[in-house]
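The next part holds the structures, each set out as structure tokens.
Consider the two complexes below, in which chain A is the common component and chain B and chain C are the respective partners.
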Partner chain A sequence: MISLAEFKTILPEVILSAGAILVLLSIAVKRSFMTSYLLTLITFAAALYFLTGVDGKGEMVSNLFVVDAQGKFISGLILCSSLVITLFTYSYFRNVKEETREEYFVLLILSTLGAVFMTISDHFISFVISLEVLSVSLFALIGYLRHKGAAIEAGIKYLILAAAATSFILFGFALVYMTTGKMNLHELSGFIGAGTPTLAIAGLAMVIVGFGFKMALVPFHFWTPDIYAAAPTPGAAFIATVSKGAAFVFLLRLFYSIGGLNHEGIWVAFAVIATASMFIGNWLGLRQQNLKRLFAYSSISHLGYLMVAFLAFTQRGVEASSFYLLIYFISMLAAFGMIIYLSGKGNELEMVEDYRGLFWRKPIAATVFTVIMLSLAGVPLTAGFMGKFMVLSAGMGAKGLFLLFVLVVSSTIGLFYYLRVIAVMLSGREAAQASQPETGRHSIVFTAVMAALFILLLWAGIYPNAFLGMLG
Partner chain B sequence: MILITLLLIMMGGGVLAWIAGAFDKSLPKWISLFALLTGLSMMVSFWIGSAGTVNLTAGGAWMVTAKYDWIPQLGMSFHLGLDGISLIMTLLTLFLGAISVIVSWKEERNTGFYFFNLLWLLAGITGVFLALDMMVFYFFWEIMLIPMYFVIAIWGYEDRKYAGWKFFLFTQISGLMMLLAIIALYLIHGSKTGTYTFDYLELIKNVPGGQAAFWLMSGFLLAFFVKLPALPFHSWLPDAYTQAPPAGSVIIAALMSKTAAYGLIRFIIPLFPEAARAFAVPALLIGGLSILYGAKLSYAQKSLKRLIAYSSFSHMGFILVGVFSFTALGLQGVMLQMVAHGLSIAALFIISEFVRERTGSFDLSEMGGFWKKMSNMGGFTIVFIMASVGLPGLANFVAEFLTLAGAWQFNIPMSIIATLGLIVSVNYSLRILQKVFHQKEYTANQSRLYDLTAREWIVMGSLTIAIVGLGFFPQKVVHTAQPAFDKILMASPDNNSSDQTMNRVTQLNTMHLAELNKKEVSHD
Partner chain C sequence: MNIIFYIAAIVAFVATVMVVTRKNAVHALLYLIVSLLAVSVIFFISGAPFVAALEVIVYAGAILVLFVFAIMMLNLGANSGKEESKLLKPNAWITPAILSLILLCELVYVFINYDGASVELRVIGPQEVSQSLFGGYMLAVELTGMLLMAGVVGAYHIGKEKKREYHRYLQTNENS
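After this line comes the complex of A and B, so read on.
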């Protein structure tokens, strides 16, 4: 049994579980898109509210969870993102009438629950269970648009790969358990040293493979573009942000606590993965014509940058990676939000070409989009630059210097495709006036969310004190 | 306060112009012109008011500074400072900014956004001249890029997209290398002294030495060499300079390249005194070769604008020669060169635009015999061609002479190479005059040729007054910038051993300079 104090600590997660059931029940009583939407919003808001009451000083909940500063911060970030994605979902599904739309919210709450549990997991078992809660909801989330063949294909693709990844992780955990007899992270603390058995290292290598799939790091990235393109856009935003972020936090907790990066082989393996992700992610995006696929490659490279902070293996690295996740979440959400915002009924603007001449048709929307692109590219005055700055300064050191150069060079390569999107928006003034594709009409709430994300991007880029303060 | 006000006027003016552009097409240009002239008059009255009050203080030769908290957690503060060098450069920026607004007076495509970009570009350049915090410097350094990219990519000529990309990528990657160097500098300084700060005035008190200094300097140098541009990093230049709209070419050649020159003086010499001296001979060689190679390329061009672009590249070589001679004479030469070259290259680019407005192309082979119809324009062209050649009486002569005299004191063979540049510059400069205004008759469409309009008279007239005035009274600039240069040269720690001799050399140089100025005036 857990005590009342412990119960209070995981109250946000409890509320999420209750919220999922509540939405299900409401659907059983009467199917209403609006009701499920509002209930979902309330659930996330309530969870966020109770999260602020949690201390986050490393309280243990039974043996399975630990709520430390980083866990709390990322949980809050995930809840906020899910809240934003809920708003996206509403706008997105207003245009999609063919499906039963209400269950989407249940899946969203459940996958968020898995993600939040993952960020505070301190035990192999709790991690694997939360991973499965997340993954199983995601299969359905990705394949939600049943009438689209590609969506089903993407769902199955994700199902198979995620199952493979989970089994890799499980096998790895089993090997570690076999050699140490422990599954608790704080008990395993610092067990990597001179005399670590090879079997445990082999286990960790398998864990790395599993996480590579989850976070779409090169060479485990092949699923990403397909799934981003086929999933409903809010779902893609969820995969790009929440699911990757949660996996990263546990990876960081695991390897920092066991001191895994002290092992030369593991460090090199991660460095190779990070280098490959940065280069390949930026490289493959170059000729990409589909905007959602472009974001997929962009996210691969961003996770590569994040690994640079991870590889610093210092407290600075932890702070930098939390900050980078925050920035990355805002940028990615804004990017996907923009696609939803500009897409009209039945015609999703997913090709880069669809945005030709946007600057002359909708100057404000195009300006916002430009800032988002510049933020993803990491240009100063936008949030992306501050994130990159934190990563660079965390990674500065004799060992990681090579990675910093890779980061700089590869991000310049990536700049090409972000600039290409901007250039397309700027060009074709004559064509823009001739044909005006129908673009979506949206509620004031959605417009306000996009405006808020835009302001956050600039705020964090120019005066990030408040955000840095949140890291503690 | 004046510094913040200056930046706010430009940035606020830009936003206002953008908003106003939605209501009226011609409002933005008036707003921009008004903002820039306000800033200019503010700085001129400050200059007049401060004459003679400039003193060397412990912190440097700062006339006015402003410091605000920005991101204390990371040791960044919004620290601005103005000394003689920055003052002159700020004046130049505002003056040429106003000129470029007048040059783009007839711009009709999306004027609001155009003038927004123009003003933010100028604000970025001004910020670079004022920044006293490495991160503030870096921010302004990068703020210049995006508006410039837009100006090239939207309002440029046929190949604008390609030119915009090339420009952005070159400057971005070199800028990021500088960022790495800045962060490393910050961490090295922090671990040595315990205070983690990006403040320039703190950082120069405790500069890194040895191998580290060399690598850090390389990061900075890369950014400056690309922006200047210096020899192996110039391939973006012809595209960007040629494809940019007239105001864009003026700003990029006359002002943006000066930010790199300013960076060399402000950061390379004080922060890496030993490493910079060790690198002097290669740097002088790069400078000398840039002069000659640029001149050769310039001579070979068929397009008028490309010819001018390469001539700019060639002249920037003198800046390297002057900076890496480490003498007061050389640095003063650089100071004057920055202003004089800014004025003359701006005028030449504007003339090329005037010609294009009339004939519709930059192709030299289609031109000729314009003197008959456009003698006023021809007259102004002669003035600026002579300036570019380096004829006494015009500012460029003083600048190049001082630079070469400074280089002579430091390294004679290199200064000889650089001096050859003066000879070859005559070739390509006179070629403009001959090809455009004389030689064969222009047969295509005589009726399209007309002499300068009132607006064009204003532009060319004010530029001519500036460059002739500077040629006659260079000591105004020299005098303003002198304390700052003294401080920079004195701050070099390798003078500690021979402090007195070095001071004497500086004094001698200063005296020499004063004498020279006197002669100059009496001669003219």
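After this line comes the complex of A and C, so read on.
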């Protein structure tokens, strides 16, 4: 049983569950897009409000969950992102007439619930169940627009690959449990050492495979571009941010707790994965013409940078990765938000070519987009630079020098394709003035959200101390 | 005990490979039932008779039989009778039957040779299972409820019929 104090600690998650049921019931009473939308917003806002009342000093909840500073911070980040994605969803789905749109919000709340529970899991079982809550809601979110063949295909792809990844993780956990007899992370702490049985190491290797898929790290990244391109844009933003961030936090908690990075083989495996993600992610983006696929490759390389902070294996690394996640979430949300913001009724501006001459048509939007691109590239004075700076300073150690070198070189390669998008926006002045393709009209709320993300990007780039203080 | 485990594991493996390779859905499902029975034998010999019973009752008993029925019912057509008689020719059911027979022999063997002293395993009964489900793991059980909800909402949306066929009574009502 759980006590009242424990109940208060997971109150945000309880509110999310209640919110999902409430939206479902409101659909049963009367279908209304507006009602579901508002209820979802209220749910996320209430969960955020109650999250601020949680101490986050490592309280255990019935042996399954632990709410520590990092868990609380990332939970808050995920809830904020879901709130922003809900606003995106409203703007994106306003024009969709082919499907019933209300269930999208139920699935969005449920997947957020899974993600938040993942970040505070302290037990294999609670982690696997919350991972499944996230994945099952996600494949419905990906295939939501059923009238598009590609969406259904992407949903099936994700379903099969996610099931395979989960079975890898489960088998890995089973092997660890077989050798140690424990499933709690705090009981397992520091069990990797000189005499660790090979079976447990093999189990951890399988866990790495599963996580590699969830976070789209390089040998396991093939699904990413297809799914980003076919999923509804708010769904793609969700996969890029919340789903990957939640998986990363548990990976960090697991391997830091058991001391997995002390093992030479595991460290090397992660280093190879990180290097490959940074290089191949940036490389594949170079010739990409589809903007959503470009963001997919960009997110692969960003997760590679994040792994450099992970490999530092110090408290500094934890802080740097939390900060990097914050920056990455803001940049990615802003990038996907811009696609939704600029897309008009029925025509989604997917290709880079669609943005030709944007500077001459919509100077303000183009400036914002440029700053977002520069932030993703990691140019100084934007948030992306501060994020990379934190990662570099955390990774500064005898072991990690090679990784830092790779990070710098590969981000230079990556700079090329971000700048290409900016160059396309700047060129084609005459054509832009001749024809004015229809672009989206959005509510003042959506414009305000985009402005807020823009300000956050600059603020974190110029004065990061305000954000570093939040990490605790 | 070890040899029994290996036989059951081989049966499970063979049955599962057959599930994946069969082209006919009903045949695949028959093998899936065998695979689940084999897994339940493994549960049984590793000291979890309650979980083994649940595996048989819930998976093989309820869910898969429902599957088989649904697929057979959906096969409605002019010559569905012929189709169905083709489905269950001996060469379709003989291999699953042999595999299940192996499992049955194992089970009988275990029962005959059972003596509590030689078994080192601790047997976990229903009481212990329910205590952990509604004690320490209660939040996990509740979370599973949310998982089912996500599955139901997702399946409902993906599988929804687009065109609505009204009953003729409702149609006349709408027209008038």
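By definition in this document, the second predicted complex is superposed on the first by the 472 of 472 C-alpha atoms of A that agree within 3 Å, B and C clash if a C-alpha of one lies under 4 Å from a C-alpha of the other, contacts with A are read in each partner's own complex, and residues count from 1 in each chain.
Operating definition for what follows: contacts are C-beta pairs under 8 Å (C-beta built on N, C-alpha and C of every residue); 3 or more make two chains touch, one makes a residue touch a chain.
All figures in this text were calculated on a predicted structure; none of them were measured in a lab.
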{"item": "First, second, both or neither for A:L404, with chain B first and chain C second", "value": "first"}
{"item": "Chain B versus chain C as contact partner of A:L24, first or second or both or neither", "value": "second"}
{"item": "Touching partner for A:I2 - first (chain B), second (chain C), both, neither", "value": "second"}
{"item": "Contacts of A:V445 with chain B and chain C, given as first, second, both or neither", "value": "neither"}
{"item": "Partner chain in contact with A:L199 - chain B first, chain C second, else both or neither", "value": "neither"}
{"item": "Chain A residues touched by each partner, larger count belonging to chain B or chain C", "value": "C"}
{"item": "Chain B versus chain C as contact partner of A:I455, first or second or both or neither", "value": "neither"}
{"item": "Touching partner for A:L110 - first (chain B), second (chain C), both, neither", "value": "second"}
{"item": "Which superposed partner A:F389 touches (first chain B, second chain C, both, neither)", "value": "first"}
{"item": "Touch list for chain A against partner chain C, complex", "value": "1-2, 10, 17, 20-21, 24, 61-65, 99-100, 103, 106-107, 110-111, 113-114, 117, 125-126, 129-130, 132-133, 136-137, 139-140, 143-144, 146, 152, 155"}
{"item": "Chain A to chain B touching residues, read off their complex", "value": "360, 363, 374, 379-381, 385, 389, 392-393, 396, 404-405, 408-409, 411-412, 415-416, 419, 423, 426-427, 429, 463-465, 468-469"}
{"item": "Contacting residues of chain B [partner chain A, same complex]", "value": "70-74, 109-110, 113, 138-139, 142-143, 145-146, 149-150, 153-154, 161, 164-165, 168-169, 172-173, 176-177, 179-180, 183-184, 186-187"}
{"item": "Touching residues on chain C, where the partner in the complex is chain A", "value": "135-140, 142-144, 146-147, 149-151, 153-158, 160"}
